[in-house]
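To start, the structure itself, in structure tokens.
Chains: A, B, C and D, in written order; residue numbering restarts at 1 for each.
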Amino acid sequence: MNADPQRPSALERARTRTARLEGLSDGVFAIALTVLVLEIALPPAAGRHLLHAVLELWGAYLAYLTSFLTIGLVWIAHHTIAGALSRTDGAMMRINLLLLMLVSFLPFPTKLMGDYIRTPGAERVAVLFYGVWLLLISITIAGMWRYAAGGRRLLTPDVPQDEIDTLTRMLEPDLGFYAGAILLAVIVPQAGAALFLVIAVTALIRRR
Amino acid sequence: MNADPQRPSALERARTRTARLEGLSDGVFAIALTVLVLEIALPPAAGRHLLHAVLELWGAYLAYLTSFLTIGLVWIAHHTIAGALSRTDGAMMRINLLLLMLVSFLPFPTKLMGDYIRTPGAERVAVLFYGVWLLLISITIAGMWRYAAGGRRLLTPDVPQDEIDTLTRMLEPDLGFYAGAILLAVIVPQAGAALFLVIAVTALIRRR
Amino acid sequence: MNADPQRPSALERARTRTARLEGLSDGVFAIALTVLVLEIALPPAAGRHLLHAVLELWGAYLAYLTSFLTIGLVWIAHHTIAGALSRTDGAMMRINLLLLMLVSFLPFPTKLMGDYIRTPGAERVAVLFYGVWLLLISITIAGMWRYAAGGRRLLTPDVPQDEIDTLTRMLEPDLGFYAGAILLAVIVPQAGAALFLVIAVTALIRRR
Amino acid sequence: MNADPQRPSALERARTRTARLEGLSDGVFAIALTVLVLEIALPPAAGRHLLHAVLELWGAYLAYLTSFLTIGLVWIAHHTIAGALSRTDGAMMRINLLLLMLVSFLPFPTKLMGDYIRTPGAERVAVLFYGVWLLLISITIAGMWRYAAGGRRLLTPDVPQDEIDTLTRMLEPDLGFYAGAILLAVIVPQAGAALFLVIAVTALIRRR
């Protein structure tokens, strides 16, 4: 009836299971992907020139596409990281919770950029807010991998070093690209917004 | 500590597991099915003639029903395909991400068709947008099967050839039906919309 | 490479696995439970008398509570049924899809009843629509069990007859109660609405 | 064909499986985390001074952050409790359903606090409603653990007594903190709101 001091107790196992990390996260990613569309809406009097009104929403489609691909990429990276872990710990749980918060908040800056990308005076704030949010997500997922892989802290023994390096090379360059796109967005907001999409598409092609 | 060159590493396994494909996809399908209803809304002053206002929303119900059944069918096809796979690869992951994007965006054309099917001048654009979206979904799921089954690329060895042919015959005819319904919708939008529902119901009866 | 005629092929197994039924359904139930709250909204000028405005929404809370408990009950019944199945078939899949459609549409009649229960002239339509929807859900889940248990069609062999009878006795009386509450709602809509809640609470107490 | 009286039948097993408790709950937690953002919206004419309008929403961000962290904490506690259970029972299912209802309703008081925290006369009601809701959630999760751990009613035998005590110590102090913050909110609503966030952040640091 007493716990064996050699093996972890039920609570300790619950605390270190990676499944705990994956279940909730997959749910949040799936929902974030799917609620993005709820933020796209036509103006009230759109019926008179519907084709025109639908085409005018290009900013919302651009923002939708970029956010969808970005969340998809985060999900792929998250799955790859989780697949390399042998266990998790409290710090990892907190990094993960931060990542989920950043991802599940993304629909708000997405809507902002979609709504205001064509409004003179407002488009800069909207695109910059969006870009900074993508950068924060990118930093967090790269940091999550750094934490797990640093000194092989949480990794399963059979992950070879060159795969660790590959994953590091895959996650970290995005930081520079996002910083560059944010700088561009300060000067030409719409070009910065387009670059965010290019970064996501490129990352999707690079990743296997 | 070094990986056995004969067997795939942890990262490689994470990359080819079909569970990776199924978990997120089921989440997206379930959410897309459930958020469709959030797009149905009564006009503000509906209270005075509520029964009339509720009945006037028939376009929204038609669009809801068609989209719900279509996503249900995509989910059944997706599960059948996933059940036949022994592994996945990068191209499959990208086709799957495209399918999820098309499905999770469907609430927008659904709302559009529901809102504008009775608005002269706008109903044609709304129904055509909706129909083209259904066709894109249909092409993508048929293409996903083609890719997986072509030369038995990703299939488990025990799938017999006649089952492959059956699934192909089940997925591909929809393309022709949708193309026909879209043509009809150019001429008589409401008849095209009704035909989209007929296609979904028929497919549900045909599929076992 | 050829399938053993004695054992089901991969596609046939995918078609009859009960997990297929449970995964998507649990997702839909969880989401339907959670999106109910999104339909509750204060009127725009609520800030001046917030306490009053919050209390005035009692109709929405009543509808929320009834729908939440009803979906919870459907989920418990669904899980119990799924736990008794050894396999599923095409008809079962269609009954299940119908159940999911009825459940995921429930937020709309819920909102209708919550919004119009205090509007003279509209409250009868709103409460009746809601009650009929609950009755349809109740009929479908009872019918699902009837189909599965009839002649032990889809059951695992180890389910004893008295448990089958218990489950039947648990699912079917609700039909009569809902029919009674709908009749009451024709005469006194608000009393009918209260009775819907009483039925759900009673069923939750009766079920183990 | 007859059930072995020594071992539980299929229905009895379905009734006591803890997986039944976990599956739906994880879905509800993930969705509640993700729909919170849908309640944040800019006023219609925000475009002219977008930066100002975005910053003015600080109340909504504060409410979002507090609710997100609180649901995250509930999820961690729920997982820890579920990991310690050997079985569940009817009372546990009902406590769990109550917890899910409180959590999935949280977006409404969250929106209320976010919208009215800066409205003189309304901010007290909004913050108190929110705080009482957090307290109810906190009582329910602590009560769930009390019920499961009382006399080791539902626990696996290998959970050592000191871990039971640790979990009790982790869950119960929050009740006092929330009561204190609610009292503060009666006098200075905005300080009470800030304290709710402090409680969540502190709990996240304390928990491993």
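Convention: a contact is a pair of C-beta atoms (placed from the backbone, for glycine too) under 8 Å apart; a residue touches a chain by one contact, two chains touch by 3 or more.
The shown structure was predicted, so the numbers you read here are calculated from the model rather than taken from an experiment.
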Cα superposition of chain C on its sequence copy chain D - rotation in ° rounded to nearest 5: 90
Same-residue or different-residue interface between chain A and chain B, half as cut-off: different
Remotest chain, chain C as reference, centres from CA atoms: A
Separation of chain A from chain D, taking each centre as the mean of its C-alpha atoms, in whole Å: 25
Centre-to-centre distance between chain D and chain B (centres being mean Cα positions), rounded to whole Å: 35
Multi-partner residues of chain D (at least 2 other chains): 27, 30-31, 35, 38
Partner chain D, residues of chain C touching it in the complex: 26-27, 29-31, 33-38, 40, 42, 46-48, 50-51, 54, 64-65, 68-69, 72, 75-76, 79-80, 82-84, 156-160, 163, 166-167, 204, 207-208
Chain A contact footprint on chain B (complex, rising order): 1-4, 9-15, 17, 20, 23-24, 27-28, 30-32, 35, 38-39, 90, 93-94, 97, 100-101, 104-108, 112, 115-116, 119, 121-122, 125-126, 129
